[in-house]
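Down below are the structures I want you to see.
Look at the two complexes coming up: subunit A is in both, with subunit B in one and subunit C in the other.
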Partner chain A sequence: MNGPLPLSNPMAPRDERGMPVPLTESEHIAALKGKLLKDIQRSAYVYRVDCGGCNGCEIEIFAAITPVFDAERFGIKVVASPRHADILLFTGAVTRAMRMPALRAWQAAPDPKISVSYGACGCSGGIFHDLYCVWGGSDKIVPVDVYIPGCPPTPAATLYGFAMALGLLDQKLKGTHQIEGEADRAVVAHPAIALDVRVEIEREARRLAGYRAGRLIADEFLTLASETDLTLDECMKRRLSGEEDPRLAEILTRLWDIGAGVARG
Partner chain B sequence: MSVSEQTKVGQNYVDGLRERFGAAILETEWQTADQVTVTVKLGSLPDVVEWLYYQQGGWLSVLFGNDERPLNGHFAVYYVLSMEGLVKSWVVVRALVEEHRPEFPSVTPRVPAAVWGEREIRDMYGLVPVGLPDERRLVLPDDWPEDLHPLRKDAMAYNQRPAPTTDDETYTFVNEASGSTRDVPLGPLHITSDEPGHFRLFVDGEDIVDADYRMFYVHRGMEKLAETRMGYDEVTFLSDRVCGICGFTHSVAYSSAVENALGLAVPARAQAIRSVFLEVERLHSHLLNLGLASHFVGFDTGFMQFFRVREKAMTMAELLTGARKTYGMNLIGGVRRDIMKDERTRTLKLVAELRAETTQLIDMLLSTPNLRERTAGVGVLSKQVARDYSPVGPLVRASGFKRDVRDLHAYAGYGSLPFDVHTEDSCDVLGRVLVRAREFFDSLAIIEHALDNLPAGPVLLEGFHYQPHRFALGFAEAPRGEDIHWAMTGDNQKLYRWRCRAPTYANWPPLRYMLRGNTVSDAPLIVASIDPCYSCTDRVTLVDVKKRKSTTVPYKEIERYGRERKNSPLK
Partner chain C sequence: MLKLFKIIADAGEATAKYPFAPFPVSPGFRGKPELNAAQCIACAACTTACPANALTMGNDTADGTRTWQLNLGRCIFCGRCEEVCPTHAIVLTPEFELAVANKADLLQKATFRLQQCEQCGQPFAPAKEIGYVMDLLRQSGVAVDEARRAEFASCPACKRKATVTRDAVSQHLSQEAEQ
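This part shows the complex of A and B:
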């Protein structure tokens, strides 16, 4: 050690360029943490630290602790002070202005404590990861034990994340590796229909009904058109008779017009 | 876009300006039929804005700077006025600032609503508002170096991170009280607002004499991000992330800004679907705020009940958009999802359930004696302060002003949807609760009407041409007030400048006046009544100036005291 840096502050460590670096935990604390998880046998108290979130995460945490999802069933209780907390929940990308307040909250919580990164921004900084006023995810300033991803995570994902933090559940993460066989070929949908027609139908359906419903409708139309023995007009008349959704009928009729136009050349 | 003479709305304001200020009016340019940008001489900027604001029924929606040196060699400042006199339109006052003389006359002494915007221009562009009494930073953090202004085009890369200059908070809070007071800071890792903020209450015994606050703890640099790393069409998804509650409103405001700038006509069905999604957002946001109002008057059962019912609104959002947050639904020129019959039927069923259950809950809330007792006459926003500061949303409506952009400057499908603009004259917290409750039921009616009358046709406009250096305003009424976006397209399919103003930005400055004269136990209630988003909680330090004693108590303690009003932590 060459003596303290001009701005050295044990609570907020910096590297030689003066940039903040994450806090670390000693082995002793890590061992204590394992013991805590094993022998907790009581409710776990959670303190929320908003490091610069948009509130989406905060509201979903609210949703997780209110009657419909009710995290308190599992003894998970949100508390008002970091001094009572077993678990610290960091939301949002860490902004410059929130670095010190967040570090103070971390320091205030008694050891051993479990830190959870919550939401896409908490886990990695999200879309804001490299901005001038942001340091990145919460693991850029504190040691993190559990990540709960999502933008924002649903209340169900929140409960699952808490259970993982407490060691009640293992992470259900498994890797599989897909190897393409010699004869494997990606199958083109509706090969009987010419490519440009197919593209035109799919585009029109998407323009009318959006990416999700449009895809389903185009698929249905192309299946009908390619698998029928009847003429297109006959087939569509049958399909549309008794159709109860006027919007679906409108879109199918429009696709039928396009199909009929192609058939006429 | 060329706007024909006959369709121009707001020509009277331009004529009035020419008549009154003559040679000071340099140029007028119409962006849409009711949006005009008037370039004036820098020296007459305060006069022009003041005349439009006070003499012509204007309200200052947003103001911002722009580094136009690559375009015309100057900086520019823009003051956006929503004209709400006899003719409803938008007038944007623009003035150019010379590069070698980076200062402009402050409008704040004439129109107090300009205060935050001018402080932000100083932070982000280094242009000095001459005559602005408040010389503190607004947006940039305390550890940011002096003389580095992020939004100047030649200042820095969007991802350049200067090392922090300090680990301490150096912001000074202003106390305008005449006698001696105690300091009550709420924060910095603390409870109220879209972003974490730091409040300082100056109290005499139990009474708040003055208050000051520091926001922008979550300033991340989104505007710079939008101008650099992202394409203009991707910014719709970034604007969703401005706010976790009213994100969709922001993306509607942003997309319509670009659509207005490029002169795009969005299909009627897409407009109607946008209105439905916007109202779904209002449903869950208003339920959230009504729940919090219950919580802060000590009616926690009500809080839990409102949150239980709120889940139905979340289910509705999930049903219609695929996620509990209405994120990622907007594109420039339309929306990404249609509403089919099955979704419509299920939504209508949820609407009926929400109406029945919320009616019951609101009856219960309003017949709780505690509510009226705690909220009537508390947190008064006087009409004069409201007029001076241009607040928005239920806050200004509860002070008797009929301000709602859905009605004033109809956008999306609102021209043909049934709703009233609800106002109250009581100017207090109770008035805001009542306005929200009524708006909730209007939102249900709007959703029903829109779903029963969805126009036919496409949900997306395709095949338009992108043009650089076009600009316009976009706006949308979020649950807590209007969102205003101003976008200017630039080269390489990137924005040249994006200015986004969330409603809470307009509602903070008058809060100080609402807190004055109330008791400490009412502070959380008053802050909640402007419906900032509740994002974090922290401690409260009580400083007794008379006794030279400082005590720190948890925020929860103040909140508890706010609810129970027993065992004051000040003693």
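This part shows the complex of A and C:
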């Protein structure tokens, strides 16, 4: 698509700044959709519209129809043409080039149809949200009924999203807003251990195990060391006996060395 | 044929029972990040680390508040926020059933108070950070009592000014001495 479309193009409306305006559904179609959901007594056909994702989402959609998750046992089938579809799955952050094909797929699907934003990209643009060449989410171009977040959503999350789109399961997530209370106070971790020792242990564990796992291991070690009545040596011997993961044993031993060094002074 | 049936019977059923039964996620699964606002000091380390900009923070200086916001629709469940959080306030839970019909339900927010500088009255840091810093100093063996809170609750510019004044007095660089 070269150059901006004429603003009057009813198939792909834009506002005066050239930004896409989402298509809308008439009330009549919205009512039909409610009726379809209420007594859908047959399979629901899904058509995937790739609006410029990384293909991760497609892989998880296909994982959801493999025998392990088997969406087809509920009659959910992925079809090859939007003309057969009840549900349109929009993946990807909607690149400029894929906007028109996505709109044409939406228009080709018979009413009433359910549109689903799939993945972080579809919901809000995801990691691509601030790129120059994307519109940042399928709700920028079509009316969306259900958002399935995740990058990519797991097959189980996909099944949950389908069930929500078909009105079989209820939404669990609610928007929240926590307000700081008067007496709120952040608790310092492991207060019994001097700060520089804690920092040294945490650094070493993270150096050896990587950032996230290192933190968990350091936490385990510091909890063990500060909450035991035994000496550090006895406590660590007990912890390491029967430890089957040699990497974890090595890291804990290294932390034990540091702890013992500190104890010796 | 019978042999085939036997193989099938031996293999058992591979299909997960979900959604009719809870789905057991694998160990280390990274699901919805959950903030424990009581433990959060609004330091914004997670906001800086978040590669998808799902976490954002905004100050409202007129109101004296700072608001943390997580957009689950943008989160890629990488766990960087959990890694960098100094107080273990944000943790990735195994929760994966996050689909919503209403986009606003994807937003998780928390509002914190900002600390006004004791000298000039300008907000300069989250109030909870002050208490946390004093606790950390105590943990590293510095005796700080609550009476010194005002010192900690001063903005860097006022602290600098106070230091210069104090040093000027202690080194007799008062105006008379300079003449």
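Everything below uses one rule, namely that the second predicted complex is superposed on the first by the 222 of 265 C-alpha atoms of A that agree within 3 Å, B and C clash if a C-alpha of one lies under 4 Å from a C-alpha of the other, contacts with A are read in each partner's own complex, and residues count from 1 in each chain.
Going forward, a residue touches a chain if its C-beta (ideal position, glycine included) is under 8 Å from a C-beta of that chain, and two chains touch if they have at least 3 such contacts.
Because the structure is a prediction, the values reported are computed rather than measured.
Contacts of A:Tyr211 after superposition: both subunit B and subunit C are touched. Once the two complexes are laid over each other on the shared chain, residue contacts for A:Arg238 go to neither subunit B nor subunit C.
Using the contact criterion defined above for the overlaid structures, shared-chain residue A:Pro67 touches subunit B and also reaches subunit C. Once chain A of one complex is fitted onto chain A of the other, the partner contacts of A:Ile179 are limited to subunit C, with no touch recorded for subunit B. Within the superposed three-chain model, A:Val146 lies in touch with subunit C and out of touch with subunit B [touch as defined at top].
When both complexes are overlaid on chain A, the residue A:Lys35 reaches neither subunit B nor subunit C. When the two structures are aligned on the shared chain, A:Ala97 is found in touch with subunit B, with no touch to subunit C. Touch criterion met: A:Leu131 reaches subunit B, while subunit C stays clear of it.
Counting contacts by the rule stated earlier, residues 67-68, 126-127, 130, 151, 154, 211-212 of subunit A appear in both its interface with subunit B and its interface with subunit C. Across the interface of their complex, subunit B is touched by residues 7, 9, 11-12, 14, 17-20, 48-50, 52-60, 62-63, 66-68, 80-81, 92-93, 95-102, 104-105, 126-128, 130-135, 151-152, 154, 206-214, 244-248, 250 of subunit A.
Partner subunit A is touched in their complex by these residues of subunit B: 140-144, 150, 156-164, 166-169, 188-189, 194-196, 216-222, 224-225, 238, 241-245, 247, 288, 304-305, 307-308, 310-311, 314, 322, 324-325, 327, 335-342, 454, 456-460, 462, 533-539, 554-556, 559. Across the interface of their complex, subunit C is touched by residues 67-70, 73, 117, 120, 123-127, 129-130, 137, 139, 144-151, 153-154, 156-157, 159-161, 163-165, 169, 171-181, 184-189, 191, 193-196, 198, 211-212, 215 of subunit A.
The residues of subunit C lying in touch with subunit A in their complex are 14-16, 18-19, 23, 25, 32, 35, 37-41, 51-54, 71-77, 79, 82-83, 87-89, 96-113, 127-128, 131-132, 135-136, 139-141.
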